[in-house]
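First subunit A sits with subunit B, and in the next complex the same chain sits with subunit C.
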Partner chain A sequence: MVNLLALIRNETTKVWKKKRFAVVVLILLILIPIFVYAQMKIAQNSADKFNEDWRSELQSRITDNTNALSSNRIPEEWKQWRKALVQQLQYYLDHDINPQTPNAVTFTRTFMDNAVSLFIPLMVLAIASDLVSSERSTGTIKMLLTRPVRRWRILFSKLATLTLYVSLILVVTVLLCYAISGLVFGYAGWGEPVFVGFHIRGADVDTANVHAITQGVYLLMQSGLIWFSAMVVAIIALMVSVLVRSTAASFVTMMATIIAGTILANMASSWKSAKYLFNVNLELSGYLRGTPPPIEGMSLGFSLAVLGIWAAAALIVSFTVFTKQDILN
Partner chain B sequence: MRSSSWLWKVVGLTSLVCLLVMLLGFGWALKDTWMPKEGLALPEASAPEKASAGDISSKKELYVTALGDSLTKGTGDSTGEGYVSRAIDGLSKRMDKPVYLVNNMAISGLRADQLVAKLDEKGFVNAIAKADIVLLTIGGNDLFQVAQNGGSLVEGGDLSPEAMKERLPEVETRLKEVLAKIRKTNPNARIVYVGLYNAFFDLQDMRETVSDTVAEWNAFAYRLALADGNAKVIPTYDLFEFDLKKYLSSDHFHPNAQGYERISDRIVEALQ
Partner chain C sequence: MADHAKEVVLSVQNLQKSIGRKQIIRNVSFDVYAGEIFGFLGPNGSGKTTTIRMLVDLIKPTAGKILICGENINSHPDRALAHVGCIVENPEMYGYMTGWENLEQFARMQPGISERRIAEVVEIVGLDARIGDKVKTYSLGMRQRLGIAQALLCKPKLLILDEPTNGLDPKGIKELREFIRMLAGSGMSLFISSHLLSEIQLMCDRVAIIAHGEVIAVGEVDELVSQAGTYTVWQVDKPDRVKEMFEGQPDVQVVPENQHRIDESLLTTLNEPIVTVMDELLVTDWVNRLVAAGIGVQSVQRVAPSLEELFLKLTEGEKIG
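Let's turn to the complex of A and B:
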C-alpha cells in the first residue's frame, strides 16, 4: 500500500514538473476572457434591443424558434430539437423564471455545457495522452519496469494520477471561469432557480418531474456529470497511450475520435446504432438541462452504461497489454 | 526533495478534495435524475411591466407590440424590416419621442383561431399588457387557405373564391374573439388592425369575387374597431390594386420592401 502511494506520488509530481497542468491553466487563462468578452457583447446587444426586459427576450426566442418550425428546409430532427426547446422556454416563461440571468454562475454553467464535448476532453488529453507513451519515447519505461514493482501497480498509479488531475482540471476550470466572468457579470447568482427534470419524448417535453434547484447545485451536478465523461475520455486515452508508441500519434488518434463524435452527434440521427459509440455519449450534462439527445432512445442511464462499458473495456485492454507486452527498444 | 514533498502534499490533497467534490456532484446528479425530490420553492418574480393609462400623444415614450401572421413578420421584405420596424421608426420621427418595440410575435402561417389560443400564453399576455400600441394582421391565412389540400396559396394551391366567401362568417367571429382578448388584456392600448388586400387583382376571374370578400372582411373589421372605440383599421386594399407587380414580392402574395413602406406610412399617418 505504501508502495502504491509512493508510486502515485512519483507520477503526480512528474506530471506537475513536466508543466502539463500549467499548460492547461494557461489555455484557460487565455480562452476564458475571450468567451467572456464575446458574451458581454451579446448581452449588451440584447439589452439594447429588448430594453433589459428578459420576458420580451425570452418570448422573442420562442417566436423565432416557432417560426423556424414552419420552414420546409429544416431537417426533421432539428425541428424536434426546436419544438422541445420552445416548450422548455415556455415553461420558464409560464413560471416567471429568467433562464439566463446575467451573472458569473450562469456564464460558468453555459461555458461548461459548451465545453463538455471538445474543450474539456482536449485538456484531459493534454495530460492523459503521453502518460505512458512519453515513457516509451524517452526510454524511461525501461527504468520504470526494471524496478522491483509489479507492472499493474505502475499502470494503476498512472490511472490514479490521471483521476486526480482530471478532477483538478474540472474544478480549476469552473473556478477560473467564475472568477474571470465575475469581473464583468458580477459574482452573484448561486441561488437563482434552474429547472431540471424535463423528459423528452420525441418532440414532446414531459414536465411532470420538473422541479427547481439552485444554480449552485446545478453547477455541482453538471460538473459531476462532465467529470464522468472526462474520466471516460481519460481512460480511453490511457489505453491508446499504452498501445501507441508516440505521444503525437496517441494525441491525434484521441482528438480525431472526439471530433468525429461531435460531428456524428450532429448528423447521426438516421444512423441509430451510432448511439453505442462512446464519443456520441459524452454530453451527459445535456440530460440535466433537458436538451433532446442526438439520437432517439438515448437517456442518462443509457449513456452512462455505454460510457461505463467502454471505460471498462479500455481498462482491461490497457492492463493486459501493459503487463504482458515486451519492451523491445 | 523537500520541495517535491511539499508539492505532493499540496497537489495531492487539493486534487483529492476536487475528486471528492466531483464524485459528490455526480452522485447528486444521478439521485436527482432518478429519485427527484420536491424542488425549492420559487421566489416571487417581479411583476411584468404594464402600460399606463393615457393618450398616445401625451406619453413620453411609446411601447409597440406586434402580433399576427407573415405580414407582420415581414415576409417578402428583402431588407427584413417589414412594416413594424418601419412604422416604429416613422412614429418616432414624427412624434419626436422614443418608440420601442416590445416584441414582434408574428408567426408565419398563423390563423386567427391559433392566435386566439396563443393570446392566453403568458408571453403574449405580458407583451400586450406592456404595449401602448398593438399592431396586428390576422385572418389572411384563414380566408386564403385552400379548400382542397389545406395548404396556403404560397405553397401552390388553387384558390376557390366561393369557398372563401363561405368561410367568411366563421373567420369573422374569430377576428372578433382576437380583438376582444387583446382588449381584455390591455384596456388602454390603441389596437391597429392592418386590413387585407386582394393579391389576385390581376387575375380576371378572381378580381371581383375575391375583392368583394376582402371588402366585406375589411368592413367587418372596421365595425369591430368602431365598437371598440380605441381601435383602428388601416386600409391597404387600394395600395396594391393596379401595381401588384411593383409592390408585391416574388411570391406574388406578400408585399415587397416598397409595399411594406407604404403600409407603414399609412400606420404612421393614422397614429400621429
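Let's turn to the complex of A and C:
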C-alpha cells in the first residue's frame, strides 16, 4: 500500500510548481497596499474634520451612556449593550486611543470582513478549480490513474492538499495584511475591545448577550469562520473540477455561482427559500459583527449547517463520480 | 500450440463495453504470454483504444474479465496495475516539472522505487542529458522516452504501448523498434497497438486483429500472413502476350490491377507488372515456356501480402462506421 502522505506530497508539489500559490501571494502584495493607501486617505480626512477634541467627545459619550444605565425606563437588554459600549469607550480613553484612527489589527479585521464574500473565494478557486480538471485537459490523468493506487486515495490526497492551501492562503492573507498595514498604521491594537454576542431575532437585533472581547480574539474567531466558508467553496469547486473537463469552464462556473450569491444576498429578502443556497451563506463573519442576515431566519448555526450539508453532498458526488468515471479522453 | 507451457501475463475474457445503448466492444478475448510482443491491430474507431483503456482500468467494462498476472483489474486494480507499465495514447507528463521530478512523482505512487531505480530507467531510455530540463521543452520523441521510463519504473511484467510510433520520425521509429525487442528479450511482455500494419509485421510475434469492436483473428503474425497466400509478380517485355498465354490456364490466375492488395510502394518500381497467383513449383516451368515463345522475362518475384491484405480479407465487405 502506498503511503497517503507520499500522494499528498505529490499533489502539494504539483500545485506549488504550477506557481498557483505564488500568483495568490502576488495578488495580495499588489492589492493590500492599495487598500492600505485608501484607508490612510480616509483616516487623514476624518482627522482633519474632528481635530484634536476626540477625548472630550469620548468622555461625553461615556457620561451619556452611564446616565442611561441608571435610568429605569430603558429595557434590560439595552442596558447590557450600553454597558459593553461604555466598557469599550472607557478602554479607548484609558489607553489614549483615538477610535477613528485605524491600526494594523483593525485594518486586517475589516479587510477580512470585506474579503470573505468574493476575494477569498477567488483566491481559493485559483487553486481548487483546476485540481482535477487540469489533469484531465492535459491528459496526465491517464498516467495518474493507471498507477497501482486506488482512485479514492488520489482524490483524497487532492482534497488534503486543497485544505492545506486554503489554510495557507488565509494565514498568508492575514499576515500580509497585518505586516503591510502596520507600516502605515502601527502594529498595535491586539487588545482593543470589539463587541460580539449579537443575536438576530426576526428583524430585530437582540443585544442581551453583547460583550466586548479583544480584537486579537475577534480576529481569530473571524478567521475560523472565514476558513470554514472558504473550505466549503473549495470543496464545491473540487466537485465542479471533477465534473467539468475544462479548467476555464470549472473556474467560470464557480465564480458565477459565487457572484450570484452576493447579488442574491442583496435582493432576495422576499425569496425565503434562497437561504438554503450555499452562496448566500458564505458571509459567516457578518454574524459576529451583528449585521442583519440577507434573508430572514438565517443565523450562524443555520448557515454553518447549510454550508456543512452542501460540502458533504459535494464530497459524496466528487468521490462517487471520480472513482466510477470512465476516462474516455 | 507450443505456447501452452508459457505463463499467461494478460488474459482478456469475453470483454464487452456499451456506452448508452451502443455496444462498442463485443466479446473480445485473447491471451498474452510472458516474453512475447503482442500486436493489437485495427483501424481507427475499431475499439482499440477503448479496449486498452479497459486493460488499465481507465474504463470499466460492461461485462467480461481482465486478468493481469492472475489479478482481476476490476476488483483489485491496485494489485493488477502493479505489474503494468503503460502509455495510453500520448505520453503526457507535467510540463511545468523537469523530467526527473516527473519520474519522482510516479515513483512515489508505487512502493519500493529508489532514486537509483529512477536513474537506471533514465539511462535505459537514454535521457540522461536532458532529465533536468522542464518537460515542456522536450520534443515528442523525448516525451515518448520519458513516458517509457515512467512505465518501466516498477519493473513491469507487461508493458502496454498505445500507438507508440505515432508522431515519431523514421529514425525514432527504428530506435523504438530495437528498444522494444531489447525489452522483450529481457522477459517482459509487450502489448502494442497500431493501425499501421507494417509496424505490427516488423515488431510483433503474435497479433490480435480487431474491427468493429470484435476480434476477428488471433495468431502468429507469420502464420496469418501465409494464410492470406502469396503473389507471383512477373515483369516481361511483352505483357499483353503473356497475359494472353496465362489466360485460360487452370494452374495460373491473373489478378487484375485493382483487385490485388499488394502494398502500392512495392509495385511502383515495376513497369506493367502482371500479378498472378500460382504454385511455386510451376514458376521455372513457366519461365522456360515464355522464353521458348520468344518473350524476355525481366523479373519474377514472390510478394508476400501485407497484413493489410489479410485484414481486408478478414473484414471483407464490412464498412467502418
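As a convention for this text, the second predicted complex is superposed on the first by the 275 of 329 C-alpha atoms of A that agree within 3 Å, B and C clash if a C-alpha of one lies under 4 Å from a C-alpha of the other, contacts with A are read in each partner's own complex, and residues count from 1 in each chain.
In this text, a contact is a pair of C-beta atoms (placed from the backbone, for glycine too) under 8 Å apart; a residue touches a chain by one contact, two chains touch by 3 or more.
Model, not experiment: these values are computed from the prediction.
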Report for A:Ser56: first if it touches subunit B alone, second if subunit C alone, otherwise both or neither.
-> first
Contact breadth on subunit A, by residue count: subunit C or subunit B = B
Which partner does A:Ile30 reach: the first (subunit B), the second (subunit C), both, or neither?
-> neither
Touching A:Lys324 in the superposition: subunit B (first), subunit C (second), both, neither?
-> second
Using the touch definition from the top, say if A:Lys142 reaches subunit B (first), subunit C (second), both or neither.
-> second
Thinking of the overlay built on chain A, is A:Thr13 touched by subunit B (first), by subunit C (second), by both, or by neither?
-> both
Would you please give the residues of subunit A that touch subunit B in one complex and also touch subunit C in the other complex?
-> 9, 13
What does subunit C use to touch subunit A in their complex?
-> 19, 53, 56-60, 77-82, 84, 86, 88-90, 92-97, 101, 105-106, 108-111, 150, 154
Spell out the part of subunit B that touches subunit A in their complex, as residue ranges.
-> 4, 7-8, 11-12, 14-16, 18-19, 21-30, 32-34, 36-43, 45, 48-49, 73, 100, 102-109, 121-124, 126-127, 130
Note which residues of subunit A are touching subunit C in the complex, please.
-> 1-2, 6-7, 9-10, 13-14, 17-19, 138-140, 142-151, 324, 326-328
Spell out the residues on subunit A that touch subunit B in their complex, using ranges where they run on.
-> 8-9, 12-13, 16, 50-51, 53, 55-56, 58-60, 62-63, 66-67, 70, 90, 93-98, 163-165, 167-168, 170-171, 193, 195-197, 209-214, 217, 220-225, 227-228, 287-288, 300-301
